[in-house]
Amino acid sequence: MGILTFKLILVFCLFLLALTVAAYSTWAERKVAAVMQDRMGPSRAGPFGLLQPIADGGKFFFKEDFTPANAEKFLFIIGPSLVMFISLITGAVIPWGKSLSFGGQSYALQVANIDVGVLYLIGMVSIGVYGIMIGGWASNNKYSLIGAIRASSQMISYELAMGLCLLAIIMMTGSLDLKVITENQSSGKLWGVIPWVSGMNWNVFYQPVAFIIFFIAALAECNRHPFDLAECESELVNGYHTEYSSMKLGLYMFGEYVNMFISNALMVVLFLGGYNFPGIHWATEHWSENTVGILSILAFLTKTFIGILIFMWVRWTLPRFRYDQLMHLGWKKFIPIALINLVLTGGIILVFEHFFK
Amino acid sequence: MGETNTFIQSVPLEYFIILSTFLFCLGVLGVLVRRNAIVILGCVELMLNSVNLLLAAFSSYKGDGNGQILVFFIMVVAAAEVAVGLAIIAMMYRNSKSVDISIFNKLRG
Amino acid sequence: MSGVLLALLLLPLIGSIFTFLWKNNKFSNDVALGFSLAQMFLGFYALAYFNFGPTVDGPLQYEINIPFSHFLRSSLHFGIDGLSMVMLILTNILVPLIILSSFNEKRCYSNKFYGLILLMQFGLIGVFTSLDGLVFYGFWEITLIPIWFICGLWGQDDQKLKFTTKFFVFTFVGSLFMLAGLIFVYNHSASFALMDLYHANLNSTEEVFVFWFIFVAFAVKFPIFPFHNWQADTYTFAPTQGSMLLSGIMAKMAVFGLLRYLLPITPHAIAGTSGGIVLMLCVFTVVFGGLVALIQNDSKRIIAYSSLSHIGLIAAGIFASALLTLNGSFSIEGGQGAIIQAFAHGINVVGLFYCADILFKKFKTRDIRKMGGLASVAPKFAVLFMIILFGSLGVPLTNGFIGEFILIKSIYDYSIILGVISGLTMILAAGYLLRFYGKAMFGKGDESVLSSVKDISGIEFSVLASLAVFVIVMGIFPQSLLEVVNNSLKLIYSSLV
Amino acid sequence: MSTPESYIPILFQAAVAIGFVLISLLGAHFLGPKLQGTEKNKNFECGIENEGNARTPFSVKYFLTAILFVLFDIEIVFFYPYAVNFREFGLDGFVAVLAFVGVFFLGFFYVLKRGALDWDK
Amino acid sequence: MSVIIIIFLTAVVALFSGVFEQGKWARYIGIAGLLVAFYVSFLPEHQFFAQYKSMFDFSQTAALFTKISIVVTLLLFFLGGFAFSNHRSHQSELYTLMLFSLIGGIILFSYQNLVTLFLGIEILSIPLYVMAGARKTDLRATEASMKYFLMGAFATGFLLFGVALIYGSAASFDLYTIQAFGVANSTNLMFVMGCVLMLTALAFKVSLAPFHMWSPDVYQGSPSLITTFMMTVVKISGFVALFRLMTIAFYGVFSEWINILGVLVIITLLLANFMGLAQSNAKRMLAYSSVSHAGYIALIFFGINNLSTYNLAFYLFAYSLASVGVMMCLIYVEKIKRECSFKAFNGLAKTEPILAVTASISLLSMAGIPLTAGFVGKFSLFAQAMDALPILVVIAVIGSAISIAYYLRLIIAMFFYEESSFNTTEKVSLTYNIVAVFIIAAIITLGVYPDLFAYQFGL
């Protein structure tokens, strides 16, 4: 099997995975909400309502594809397409697992192993803003425009803090390659002193502050509660997708959930050890490559799903921010804290390298 | 770096020069004929980015990293310029409710 | 002894600043007169100790040489030779008379007026005594600013601004061309010192270039025919004192510059076609000025064009002698005539302008057709006016005669035709000046005006009388002037070959 | 070290993504019903008559945020090359970056104190 | 470099004075900082900065121009209190931007590398775009700002394209490497193209015709003090940058660019002076005069000798002093009359004699009347260019001759009108009088004794 064939298969698997996760996130969201509010949640379609997402998805196709008369037709279509497109290709650089071997050849479980993976991610996340802005602008609706502006303003604001947190990680690893970042978290003594378990040298232990900021920024980037000011029903009807219906709305919704999945995956790669699991070194030595590979994929997905659950948990626990509070938090708290964190990281690393090596 | 250079050098340098010159001229033309301030700003950015492309190509061909440093600076300065430019355009819009530069004929001797 | 020259230079400057700061308008004229009289006596003192005979170290005396800018290769180099001395004396005599002549007038800001006149004197003395190209140019331009202010601020008509600005621009353009020419010479010489400029290595094409550039400045100042456009208007609309300064002294700057700079720097250009062209221009100016003066009715315009005619003759004489010398027959006659005539013209034209001013005061008009019959009511004025007029006409035994005679002779020596043509000046002058005098003094006048007119006042009398004394004394003893200047002229003309 | 070839899979992924977007949009376009009407084609405005232009000017604060983002983002971009080579630059580089951070903070506090980010004013 | 650091710190302190509602102190802070920087510019550069020599070399020449710029900026700061009186809310920003712009200028005096050149130009220009539009609600200020910005950005594009082409041929940004390349390959087409493009871009910046069309509008629309800054410090910086670039980097292809520059100079001298004659607004007239002065200054490229740098410095200093002298008068008139046509100046000499005299002497200095610094400057430029190309000097002379006509119009307006149209209760402050006297003294002293400048600045 050629490397490109494998990559092609991987692309399709990843695509299906992303769609499935996104689809079932909607189900999970309703279930979590139900549990929190002591209700049943979706239960009619299939066992535990498991077929609900499929029914929802199908329904999108049969709704009327409505376009307001004075909208910019072309941009109106581009908006949701861009959101979906971007969220689907963002995952290309994430290492989903260690490696699998077919026919004696080892394949890394990463669609594109590029050495500037972090930059790729940042770039793609930035483009995501356009989808929302274009959609809101094209609708020619006051709510949409305000929603879109709020969304983009919020997203770019939190992107700064996010970038600064990323920098702290890059400083520690010295690479922009996500694979290298992941591998870095698998071995070594924790804090340079605790050698007790392999595969647990996670960045989150070194960078708790960065992790927290990154987590919150990720919430804001996904326009998730408590930062969903772009579409807060009480003020803006449905925000930037007020005028959307049918599959275009579906693309927006799906895109968001895919984004949530990718954000969590990214968080896992950067802070939570990626596909590393406790004892990965032992497992590599004693078990076959494929076993370890599958285990690593499972480890990765588990961590990701836990992240998604936490996102949902947050959503149904916290009230929505006010817009000024949102901006205050992003600009006045996170940016300076993240910057100080960055400088401290650099300083401490230098001190350690200087005195302990 | 080395491999990338080899790869880039498989494309003749003339192609880069012609492409970026073309883009540059496009930008110049845009600045000269368009009347919308934002579009002009975009055309200026096009000029700068064509230069970036050219510099990166030269840098790769000459095996000298300095060119890319300048690219970096150009991006930074372009960003600063855009920030100022957009602010000026905002000021213009607020004062005249238009971003058409042909309204500018107030200054006469 | 160089202290004398320093005092001569600084006294007008100090006087000017002092007058400027003098708050009391009432006595500012006395203050200014005091300074100018002191300056005059200082000038006579310098003259008294001036060594007329040929000295070992050349005719330069009272030298001051302060290294001024090493960077510009220029130094504050001043000195007096015969040529400078004549000009210096002329300036120092005329300035007090000019100041005195304005005593009867009521002006606002008179302290500024007198300050500017003294500043003007400072510039003039600088021009006449500097021995360094750059310093010369500096003073040359400085004279422009006070006269511009004088004409612009205290001029006689609403149109004064237009014409004074025209004057300024004309003169400034000319000087800038001179600057370009001087720079060209400077680039080929060791420094701006006069001797270095004389010995700059220029080839003949370059000399022609330099010649025309420098000539433009002098031609505008003189003025000579195509550059005369500013003159009549400016003289007409300037205050009387301004016209006096312009025609009496400032035109002499050009005479001085011609002898001091143009001839020695560019002899080869003069020997070529340029000299001939210029000479013809000058002669044409003589005739042109005379003819135009004949048909004028404005008193000041008549004087202006007569001045154009006379000055053209001076320039023609200088060039005629230079051309003669270059052609092999050494001649300084044109130079001598030019000096005498310059001095005489200075005295006469100041007098004429003053007479025109008095006439204007009496008749409230400058149109000579509306005047008449003044001789009967103002006999003193008629006599003095007549004497000055004769001087200007060149009647024998007045100062104008000898200068004009020598000038025409030198032109005649060079070219008979040109000599004859320039000889017309005498006839033309007789025509327009006598017409002027006749219309103003005789004939039928307006009785209502004449009945209220008195003869001239004491101040007017003293000014006119002293001018008239000069007219006559110089006409009888022209030799004394030539004694002062002969050595310098010989040096200048001999340096041509 | 990645080669230009490593980017090819991204093209695959892009193709798949575009394909999905196109199929779903076209599918919905052909499957869904179509009903036209002047009232219906109007923009949504809580059921009341549409009023004015939807593209009304908005608060300058948003604008300011965008401009500030461009500036600060560029400053952050400067950190990337440094962060990657951070160990090679050692202490000297760190001092330089401290100066840079200092300038960053100066600008930041200026913006903060001038009230560019005070949304409640 | 230490000068830059001092000015930068000053700028920051000034900036934060405004943040803490103490904007009125920004001026004093700026003055204090500039004085310190002025002092430091006389000291030898600290050894530490030797490591940056390949990018930035604070040489003797650079120090000379730095001193000039600092002196001029100081004068502008003294004038600021009155000039910015309707910019109270953001005056600290204006001072700070001026200081930042000055830093860009100082970088341009001492760059060794095209990267530094580019940065210097941008640091110089970007604050200016903002300052030009300081009157935020005035459409004319917007117009000035917008035009300046678009033209500046456009020129930057050309500059960078030129840099890229030069980099492509010489494979370096270093001035001396480029020079060596140029000497060896003087017919390299790409190199020559790059040279011409950079020349064009810098001609934009120093407003040599026909690339000057932005400057009258910008000069007229900006607040007058900022206009003065553009006329002085920006022009100094632009010309020094152009001079260094052309005489060091493009020394080898001298014959290629000198003709282009000659044509630019001729067009500038004639066009700007004729346009200046046609103006009815004093500020616009001064703008055209500034353009024409760019033409005179560009004579420095002809007949270059070892005194050229010094001549350039002298002319720029003389011209800057004169500009400040005229503009301070214009600032006063504009403030009182709310306009600055020639009529607005009528009778100024009656109410504000010192100001009027300063303006007149400055104008005469610009025209090149002897005993003023402008004369000595013009003289040395003419003398230098006379060696190379006398026809240029002739054109410059004709240009000067035309220029005197419009300078005189302003002097006439100030002195020759009896009726005073000024409200006598509003006198200028003591600061203005002191600055005015300083400018008169400086112009006259430098005109009478030009060697003073040479001694003062270590030549």
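Residue numbering begins at 1 within each chain, and the chains themselves are lettered A, B, C, D and E in the order written.
Following the convention adopted for this analysis, a residue touches a chain if its C-beta (ideal position, glycine included) is under 8 Å from a C-beta of that chain, and two chains touch if they have at least 3 such contacts.
Computed from a predicted model, the values in this text were never measured in an experiment.
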Neighbouring chains shared between chain B and chain E, ordered by label: D
Both-way neighbours, i.e. chains that touch chain E and touch chain A: D
Distance-maximising chain from chain C - centres being C-alpha averages: A
Chain nearest the overall C-alpha centroid of the shown protein atoms: E
Between A-D and D-E, the pair joined by more C-beta contacts: A-D
Chain centre separation in whole Å, for chain D relative to chain C (CA means): 81
Interchain centroid distance [CA atoms averaged], chain A/chain D, Å: 15
Cα-centroid distance, chain A relative to chain C, in whole angstrom: 96
Inter-centroid spacing, chain D versus chain B (mean Cα positions, whole Å): 20
Per-residue multi-chain contacts in chain E, two or more chains: none
Multi-chain contact residues (two or more partners), chain D: 1, 66, 73
Multi-chain contact sites of chain B, meaning residues that touch two or more partners: 80, 87
Contacting chain pairs - touch in the sense defined above: A-D, B-D, B-E, C-E, D-E
Interfacial residue positions of chain A with respect to chain D in the complex: 4, 7-8, 10-12, 14-15, 19, 60-65, 68-71, 77, 81, 84-85, 88-89, 91-93, 111-116, 119, 137, 139-146, 149-150, 152-153, 156-157, 159-160, 163-164, 167, 170-171, 174-177, 237, 242-243, 246-248, 250-251, 323-324, 327-328, 331-332, 335-336, 339, 342-343, 346-347, 349-350, 353-354
Chain D - residues contacting chain A, complex: 1-2, 6-10, 12-14, 16-18, 20-21, 24-25, 27-29, 31-35, 38, 41-46, 54-56, 58, 62, 65-66, 69, 72-73, 76, 79-80, 83-87, 90-91, 94, 97-98, 101, 104-105, 108, 112, 117-120
Chain B residues within the chain E interface of the complex: 17, 20, 24, 27-28, 31, 37, 40-41, 44, 47-48, 50-51, 54-55, 58-59, 61-62, 64, 66-67, 69-70, 73-74, 77, 80-81, 84-85, 87-89, 91-92, 95-96, 101, 104, 106-109
Chain B-touching residues of chain E, taken from the complex the two chains share: 114-115, 118-119, 122, 126, 129-130, 133, 136-140, 142-147, 149-150, 153-154, 156-157, 160-161, 163-165, 167-168, 171-173, 216-217, 220-221, 278-281, 284-285
Contacting residues of chain D [partner chain B, same complex]: 1, 3-4, 57, 60, 63, 66-67, 70-71, 73-74, 77-78, 81
